[in-house]
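Labels run A, B, C and D following the written order; every chain starts at residue 1.
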């Protein structure tokens, strides 16, 4: 079958068609930045964005989420009912989806976390190619721009069109639904792109390098610039640590146990009741964050938990660049 | 169980925290069911002295304040400091790091020597404080949480991480993207990033995070075109009593 | 597929509450229908107090005990304070058992050296009571227990301590950091007991649990006695919020204490810089 | 009655700390004052050296009750000093915010601070049991006025969207529609009910009268809150820049707050003063209510300030509806605060009507946009002498009317409360030593 293309000016229509069957989530501008949100007006979605402020994890692991409800009177603990609606994630960069897969691994590995996994059901992903900005470094962590793993459809960007490639049954259904918008595609191959932010070497051996670098001076040097604000954790698509607390609703017998995104950069993260803190030094925490990405947790295919989205680099007000830190170790 | 008797006392402050409680309209009547308010000068005429929980607002800035707070501490089983003035000295303490002579001169002119003044202090500088509701004004939702914790025998906890954590969770655009220096990275969270969420830089009213990296913060703000003297002013706006910008810190 | 919300506690009955010391209280818990918890010694549960929160607590009773299980809790914060206010007949929430405890098969035929500091005795009691149970005792070699507390007032399970002294299949030594009136025994930190212990180096396994500062010194002294790292087991404490390897708080380098621990063979964690 | 001594330490249900002291010896009134004993605040000194962007943040903390007013006045002073223009939309939104704040402050005062006296209750708490519907209504009205402040200013107390040159975040049209709906369907009927209530309680206000000078803002186009010239019932129009000619602050030994005087020994500001100067600009419903309550200028009974507050509450509700309609017709434009073209040395005065009366801020900046000098003149300072003057006539009047000590004490407290004094505001500037 000859490949098809979606003209850029047909994007809103393509979204309208999706909206008939699905909740559509895509990137829209917020000031100078972009955010993922549920698309109400098909014209608000954009495929030309660098990265959003927060990654897709907010849809599966919301910043604050009730995990258990309780009643003081009837002495009951109950799980939240999670309703799953079919969702299309429209115009997603490949590293973004790779990050979701890393999270899937984390929430499936060992004990399965239903609260997360339920929300991962009935998701359709429509990918889009992107032009790396000064911060992206996905290629260095094994996610070249032409990696299309996991998408149902992938849109490759050309001047005035997107080449449409359906890769799953769901994807083909959508391609069919778009039928009347599509035109024959004259384009072949994937555009060549360059990353400015790059690791000196491939991630393959990085884990071992980390193990030998526990006392490397770079940790202290970085810690001098870091004020542990936690931004890097919050915006990271693969950071998933959370805190849990119980709240009783004043004047009632009802309450909830909620989890909330936490930051391992904060001093309290490892503080226990007796006052002991297990990563007291700032450089311990800086090292922990980066080690966790590249050496401590790996998915089933032994891939690191960093997808090179560059958010932590872009959004760190202290200008700490994880790639520079890695390169100092390599 | 009898209702715990609570009292509210205000010292040097703008009374915003008093109002903040009255602004809990939807919950006010519920709260009245749960506690017995015996002293709340702004709202009621009764003046009971048999309270168990004392909520203190305002900083201590006269010898009389000091006397009064000791008396309250002797009576109260639990003492909670409400709002930035009581928690960290707040805005009243700006003058503490100024030339005291100059402060008095601005105010009294030639009569400046007539009026000795004491520095504006946080409540915990003078007596033991059990719990805090930080903020200027204190956040009434947090006050509600603290109150409900006290009523259920819990230790009210306030966050120890930074405002950025809450700001990011709300997916706000960072003010630094617009070249505006914000105190969020080094300020204790709990307000839901109230100011950045409204497009205003955080000025640190909830106090600084426990493990402040002052030098890093200073370097960042300098990059964002605040002069050193303005950086100091920012730090001293609410946190005069808790940070010294005159000396360098080493890790 | 029917999935279970792993965060929902099961509501259980408190059937016995007994104050042990100024700070520690003993709890006996019955799961619905008297079902067994099914734990191994050294494992822990997540205990929820209604409206307050959840905290990881070790199971202190032996799996051989049927129909209920036991815990001892030190009052240090919100959940533990609230537990101290509970009475027999009250309800609480239980999740677990979680983590890895002691693999009793590995201990079979071995001499066992138990070193407990303070509240560290709580999880080790589960191991001890398994070993000394009538039906089990002959499966194991010598049982040497070293116990240290700040003062004699802080001794836990006093009845049982007395019994250990009496039994001749248990070698029990105890020390306090500080002498208080009425104490005639040894004074000094727990490491001072170690030189007096005679070990069959090839056939001994040591287990350690106590406050964070204790581990380093005890391990040094066991090593200097000639024990190998893989003959030493430690039970570690870390902050925990979920108990199921998700929340990230208990992570030590690349491992989760709640998953692989809290009981570790020391050889396994030796090169984890953040462990001890 | 020949000898009498009344002491009310820490008058309750007012904002800040004040004591009533009345001494009558051998038939002669030797003392009748409101002692203001609030600890000093030193704001003018503390603002020195701060950047123009920080001025409103700090001066807002002069008073949490009047925070909107202080911020508004502060940014206006800064804009005047540095030559920062603002758009029409900014002005409309600022007015809406001022009205929201006025509503919330007036409602708080009428129902929570003043009403208990009319119902013979020590506070609103017992009223919640005896008059639950009234209390719930008052809470709803207050909630709504807070919501307006939240939606326009970011929050009610120390709003965080108001900066020189505009707003850091704007309300959405949806939010404006929500406010409109609530004002029409909730505030208007509730305000009418409040009017009926106050009418039925009108005889509880002492019928005391005293002539004085009433000062407030005035403009041709509307009942002035946000902008205008200074207007006096004695002296006509005075430009805002000449405010010092009006306020003439002076020190008295019994008060940590400065007092003020203009043409007479004292003057009054606040709702009643505004009404006396702006009556003809009242919106229709407000005017109807004013007339029905006998509030035609010049009203000389200070106790009726509370009634004037209700009239104003209704007026600003009507005015807010007009503003919202205009904002919605024009559409909300995504404007960012206007930055000063170039920092320059300069002095500027800002003046706004805040719930308790006319408020002035004056700042002088250096060429780096840092404050060199600040001066803030607060309504309660301006009223302080007027309260003392009222008390001086009120005591003999009460004796003539055969009131006993208890009744007199209550009437004195009610008088102080009627002014809705904001004492923590008034001592932003210490004049005399704190005394017991």
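In this text, a residue touches a chain if its C-beta (ideal position, glycine included) is under 8 Å from a C-beta of that chain, and two chains touch if they have at least 3 such contacts.
Source: prediction; values computed, not measured.
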{"item": "Chain grouping by contact, computed as though chain A were missing", "value": "one piece"}
{"item": "Central chain of the complex, centres being mean CA coordinates", "value": "B"}
{"item": "Cα-centroid distance, chain A relative to chain B, in whole angstrom", "value": "36"}
{"item": "Distance between the centres, which are taken as Cα means, of chain D and chain A, whole angstrom", "value": "51"}
{"item": "Between chain A and chain C, centroid-to-centroid distance (C-alpha), Å", "value": "39"}
{"item": "Chain centre separation (chain C, chain D; CA means) in Å", "value": "65"}
{"item": "Numbers and ranges of chain A residues touching at least 2 other chains", "value": "245, 248, 262, 271"}
{"item": "Multi-partner residues of chain C (at least 2 other chains)", "value": "51-52, 77"}
{"item": "Set of chain B residues in contact with two or more other chains", "value": "152, 157"}
{"item": "Chain pairs that touch, as defined at the top of this document", "value": "A-B, A-C, B-C, B-D"}
{"item": "Chain D residues within the chain B interface of the complex", "value": "10, 12-17, 38-42, 44-46, 48-51, 54, 57-58, 61-65, 67, 108, 112-113, 116, 122-125, 128, 135-136, 139-140, 142-143, 146, 154-158, 160-161, 163, 167-169, 368, 370, 424-425, 429-431, 433-434, 436"}
{"item": "Residues of chain A that touch chain B when the two form their complex", "value": "30-33, 35, 53-54, 58, 63-64, 220, 223-231, 234-235, 245, 247-248, 250-251, 260-263, 266-268, 271, 281-283, 315, 317-319"}
{"item": "Residues on chain B engaged by chain D in the complex (per definition of touch)", "value": "11-20, 22-23, 25-26, 28-29, 32, 37, 40-47, 61-62, 64-65, 90-92, 94-95, 98, 102-103, 106-108, 114-115, 117, 136-137, 194-195, 198-200, 203, 227, 229-230, 233-234, 237"}
{"item": "Residue ranges of chain C touching chain B (in the complex, touch as defined)", "value": "51-52, 77-78, 81-82, 85"}
{"item": "Contact set on chain C toward chain A in their complex", "value": "3-11, 48, 50-54, 76-77, 80, 91, 93, 211-212, 237-239, 241-242, 244-249, 251-254, 259, 273-274"}
